[in-house]
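Just so it is clear, A, B, C, D and E label the chains in written order, and each chain counts residues from 1 on its own.
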Amino acid sequence: MNERLLNWLSPVLTFAVFLGLWHWVAAAGMVPAYLIPAPAAVGRAIFTVYREGTIWPHLFATGTEMLLGFAVGSAVAMVAAAIVAEFRAVERCVYPYIVALQSMPKVALAPLLIVWFGFGLASKIVLVALICFFPVFVNVLTGLRATRPDLIDLYRAFGSSRWRIFWDVRLPSAAGAVFAGLQVALVMALLGAVVGEFVAAQEGLGSLIQASSLNFEVPVMFACILTLAAMGAIANTIVRFVQRRVVFWEGAGGRGGTVVKGEG
Amino acid sequence: MNERLLNWLSPVLTFAVFLGLWHWVAAAGMVPAYLIPAPAAVGRAIFTVYREGTIWPHLFATGTEMLLGFAVGSAVAMVAAAIVAEFRAVERCVYPYIVALQSMPKVALAPLLIVWFGFGLASKIVLVALICFFPVFVNVLTGLRATRPDLIDLYRAFGSSRWRIFWDVRLPSAAGAVFAGLQVALVMALLGAVVGEFVAAQEGLGSLIQASSLNFEVPVMFACILTLAAMGAIANTIVRFVQRRVVFWEGAGGRGGTVVKGEG
Amino acid sequence: MRRDGAQPPPQLSIRGLGVVYRGRKGDVRALGGVDLTIREGEFVAVLGPSGCGKSTLLRIVSGLIAPSEGEVMLDGVPVRGPQPSVGIVFQQPTLLPWKTVIDNVLVPIRAQGKPTGPMRDRALELLRLAGLEAFSESYPHELSGGMQQRVGIVRGLIHDPKLLLMDEPFSALDAMTRERMAGELQAIWMETRKAVLFITHSIQEAVMLADRIVVLSDRPGRVVEVLEVDLPRPRLADVVASPRFAEITAHLRAFFQVDGPLRGARR
Amino acid sequence: MRRDGAQPPPQLSIRGLGVVYRGRKGDVRALGGVDLTIREGEFVAVLGPSGCGKSTLLRIVSGLIAPSEGEVMLDGVPVRGPQPSVGIVFQQPTLLPWKTVIDNVLVPIRAQGKPTGPMRDRALELLRLAGLEAFSESYPHELSGGMQQRVGIVRGLIHDPKLLLMDEPFSALDAMTRERMAGELQAIWMETRKAVLFITHSIQEAVMLADRIVVLSDRPGRVVEVLEVDLPRPRLADVVASPRFAEITAHLRAFFQVDGPLRGARR
Amino acid sequence: RDNFTFAWPSAINSGVAPFTFARQLGYFAAEDMDLRIQVLTGSGVIIPQLMAGQIDAAYASLEPLVIARQPGRPNFPLRFIYNLFPRSIWEFAVLDGSPIRSVADLRGKTIGVLALSSGNIYMTRAILQAAGVPWNEVRLQAVGTGVSAFEALRTGQIDMLNLFDTAHIRMEQAGTAIRRLDIPPALLNASSHGVSVTQAALQRNPGLFERFGRALTKGTIACNANLEACVRSYWAAYPALRPTTGTDEENLRREVEVLTLRMRNLLPPGSGITRPHGQFSDADWTVLIEALRAGGEVTNTNIPMDTLYTNALVPAFNRFDAAAVEAEARAAR
């Protein structure tokens, strides 16, 4: 399989070239080590923080903020989207504001949330939840609205209740879009947790990055950044995996494109 | 037009109720003013910062970071996506890394970028550009790949060059997706600018929020946050407007759903 | 045509049916005074140009929308809302992709809020009739287009409706599959003998299947012709070669003729 | 059938054509030894079950893919790559939504990298022939499905190809529009007299349009029947009522018969 | 046992070493309290938390309280109880080869400051004015701390870096030679940071703060007596911040160097002034108030000193056997 070999070899080679260049730049001494540490130094830092376990509490703190905020924000968003989709009156009252707030950078609220909810977990969860709310809300709403009208007619023709139509038709129809929203939200959750920690925290990878910056520990910053990248990738993979299981009919038959709306 | 009246009245009413509640909470004195200032105080703060013009340099700074970073990031992303879409070898080499980095919270790089690119505009532009890169890249790539193969065959059947096919078919096909990416990116750009300013800046709405937080000027924080919301909404409206003009055929005929990929 | 003995009483009777859609860009008159009856066990096809209101007619009969004027009586009772005693087959298969074939067939039961358990045997029986017994636990995306449409037909029959409404049920299929499906529908119908209101764009299909063909005019749709099809059943593939078939199709084709081979056909 | 005088020399000649698609899940043999010739000005229809390789055949003739075995000669020259001297009409209209109708018609010129200016008059002339002169500056989304498909046909003719390839060009249209379009195609063809390779699922359409009908077997497609259609032209709507028409369709239908009205049709 | 939460105003750095060392040596336990250090940036965040009782005391700069005493400002009932730095930690640093020899040479130059909203700017202004440099003849550039600030100075984007003691020494450790400009003693020997608490908490339970301050004083003395062990206690408390590059000895040496400098500002003796640990003087505040007034930030300079600080607890802070603490510290690992 020449093709398959190439698919494996190419990225590995790219990585090797990248590492080589990096090493060369660092070793040549053109740039001070506190600006660009050698790859070996970064490797050692990663090894150290994991072997000695010093990074775990931070990873755990960031993970907790991310997951709790994600859970709260997504749950609220789903319920809100369902209510807005089902009740025209509610939609009229709140939808314009949700649209207006959607493109606002929610991280700007971080300092205010710290003032309101304290320096602890609560403020970060609120921030993350706020950030997660919008992509989930928009996608769930789009998904619910994109339900094929003929499927709804099918149920309506038998006098089905709105409630049953919601559970039997609208919700499964929207499932693909819901997951698309969750995917975006999870990545945004990690972002929110990091920003929250930038603004005020003593634990968490975001705060460790800031402390490392203050203390000239650029290799540790790299370790934190790579850890965050891994967390994001893993979270994403898990959502995609669950999605494939739950929304098994999408992709399989190629039926029903999923609308994904991005978010700030 | 009963319907139309309701559509106008409902959100106005909601806003009035919200303002009333807020005023009541603030006036009742249950919450200290430095936690929740009265709506009147916020209104006065907004009026003051705009009349005296003290907010303009900050608005201008944030806007510059956002727009320059957005321009750089989006342009690079479009070119990169085109190259990856057209050259299988390049795709093999870099695509796995782009996917892996996509779900990483780019804001975590802010302290590192400050170390590398200094305290000024450059570091924020790099941060914003990095944040904008991914949604644009992913959407453009998806759009280019989603080009209807029959349209390509049509050109290929006449021995058309790859270059001509790219310009005549692939690029216009992807236009809807490109704009979808730009929409997401613009909002993310504002977010990136604010976070960059949180981490280090001497100007900009993000730094003004932090400075206000330092000086317990909660009304000014509100003014900044509302300004950011307005900036986001305006930017979004402009992109949508341009999109409707450029990709006039989408939506009009309901043909060709646009793929939107979100981003962290 | 079933002319054996006395005519059964009308199952569906439509009188003076008119519909106006109110839209932002003004009102659209979709149907302008339609009269139509369908007797028990009768297969009636409706032919009409695009946009003349055929689907609208069907939606009114099923109770999904209310007419602006006129009246629809089902079994002597005016239609005012959902009609569980009616079965519907849509243009697209309209299957829930997250339900198995048998659960899809049972959707009408579920939609009425009744327990589906007791109906499973009947569902399997109908699936067998449609040659789908082996696929009862498959998901729609594992089925071909023709098979999916057959599931849609079986679903229309599951709750033993008195009247089956079919809105261009085969239009999404390719020409050959379409011909086969018409044959299969005829076989199922001959077995079950439901009253059927069948909407189609295909003259051949209408003649092949119907006892009676109703031709609607351009929008707003009005009945311009009612034609009894007296070809014997079962009508097999060779019926199209019969002179009577050719005669009937030629007569119908005249309604849709345009003033030249090239001009008129704006759709 | 044009039997007037000597047979023109073959325009397209296909000999022993076989195609194997190499896929991840093993290889798929799409065509298994097809022989076929099309003379100048001849209208040949290809009928075959779904998936038998009809589109594959067309893609090979247009030079989009290379055959695994056998040879395709166009005007005595082996086909090895894109064939600008061939026109193609696809199943879907395949119009660029961002180009006006006339620019869409000019796409083959543009794709060849030639200046489109000199061809505008010809494009307008062809659009007039298709009854679309009023829409030359419209965008595709402003046209109905049938009009779009007509633009696709006009585009296939713009560069005055010797051979026009059509892959189920009407299958996305509703039955009535389809019949009309067949009539219009016949008119255009009689005016231009191109050699045509016309793929369809519809027996009636094939008989209506073709000089010669080639029937392919199930995958891998082989030629199982070649039938000359000797109905006089122009074939108007009433031709379907003629006994000869019925006879030919009945003969062809036999190739696609299945062992019962209900079972076999798995698609 | 009392839980005592203390707000730290920036990302954690070796500045917390006296606290961690005190904790390690059991000084907080001896006062029957558990110390928790909480990172909180900005008085806008800290003050509400103090008022809400989420934190007990905060490491804070002095300016915000003076500003809070101005008409029209929320008059927060806060009080400073412990003077952390008898000497200002702020320094004027230039590159070793710079032609700038004194503060007076800064006319027309660019000064790098922590942030434009930093309260220290008013003191900087006062220092410049004392040297005859008009404020409008210098340019300010926010540079933050850490590498970005050093790069700004090293690459000449700024002519003078106006950060604090420990920030500057890291620059030297990174291999860039710098020189500190002389600052008039009156301004140098003014406090910059203290421990602030709410008046209500202070009235309710002065003993709690006495105990906290005593443990802190002990920690400071102990740290000074055994800098290496002090650094190790910091690493033990914040293992993720232990350097991952270089040898242990090397890293230890660097941190000790940093702390040595910090000690000079932390400890009253040896800096030319002698007074008990934690004690403020009215001069600390009058200098600051004057600087703020000159900067236009303050209109009312007539602020009763007892609304700003209290020395009432200072005797209690120093009520222990310093020699024993030093001995204990030297014995620590």
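Definition applied: contacts are C-beta pairs under 8 Å (C-beta built on N, C-alpha and C of every residue); 3 or more make two chains touch, one makes a residue touch a chain.
Owing to the predicted nature of the structure, the values given are computational and were not obtained by experimental measurement.
Engineer: How many steps does it take, at the fewest, to get from subunit D to subunit E if each step moves to a chain that touches the one before?
Structural biologist: 2
Engineer: Can you give me the shortest step count from subunit A to subunit C, moving only between touching chains?
Structural biologist: 1
Engineer: Tell me, which chains sit next to both subunit A and subunit E?
Structural biologist: Where subunit A and subunit E share a partner, that partner set is B.
Engineer: Select the chain at the greatest separation from subunit D, using centres from the mean of Cα atoms.
Structural biologist: Most distant chain from subunit D: E.
Engineer: Averaging only over C-alpha atoms, locate the centres of subunit C and subunit E and give their separation in whole Å.
Structural biologist: Going by mean C-alpha positions, subunit C sits 85 Å from subunit E.
Engineer: What whole-number Å value describes the gap between the mean CA coordinates of subunit A and subunit B?
Structural biologist: Distance between chain centres: 16 Å.
Engineer: Would you kindly tell me how far, in whole Å, the mean C-alpha position of subunit D lies from that of subunit C?
Structural biologist: 32
Engineer: With chain centres taken as the means of their Cα atoms, state the distance from subunit B to subunit D in Å.
Structural biologist: 48
Engineer: When you check subunit E against every other chain, which residues touch at least two of them?
Structural biologist: In subunit E, 42, 44-45, 48, 146-147, 151 touch at least two other chains.
Engineer: Multi-chain contacts in subunit A: which residues touch at least two other chains?
Structural biologist: 34-35, 111, 114-115, 199, 210, 212-213, 218
Engineer: Report the complete set of touching chain pairs.
Structural biologist: A-B, A-C, A-E, B-D, B-E, C-D
Engineer: Within the complex, which stretch of subunit B touches subunit D?
Structural biologist: Its residues touching subunit D are 148, 150-151, 153-161, 164, 168-169, 172, 175, 247-250, 252-253, 255-256.
Engineer: Of all residues in subunit E, which touch subunit A in the complex?
Structural biologist: Interface residues on the subunit E side: 8, 10-14, 37-42, 44-45, 48-49, 52, 54-55, 145-147, 151, 170, 174-175, 238-245.
Engineer: Could you please specify the touching residues of subunit D with respect to subunit B in the complex?
Structural biologist: 59, 62-64, 81-84, 86, 88, 90, 92, 94, 96-98, 107-108, 110-113, 139-142
Engineer: Considering only the defined contacts, which subunit B positions touch subunit E in the complex?
Structural biologist: By the definition above, subunit B touches subunit E via 32-35, 114-115, 118-119, 123, 200-203, 207, 210-218, 221.
Engineer: Any idea which subunit B residues touch subunit A in the complex?
Structural biologist: Touching subunit A from subunit B are residues 6-7, 10-11, 13-15, 34-36, 89, 92-97, 100-112, 114-116, 135, 180-181, 183-184, 186-188, 190-191, 193-195, 198-199, 205-206, 209-210, 212-213, 218, 221-222, 224-225, 228-229, 232-233, 235-236, 257, 259-264.
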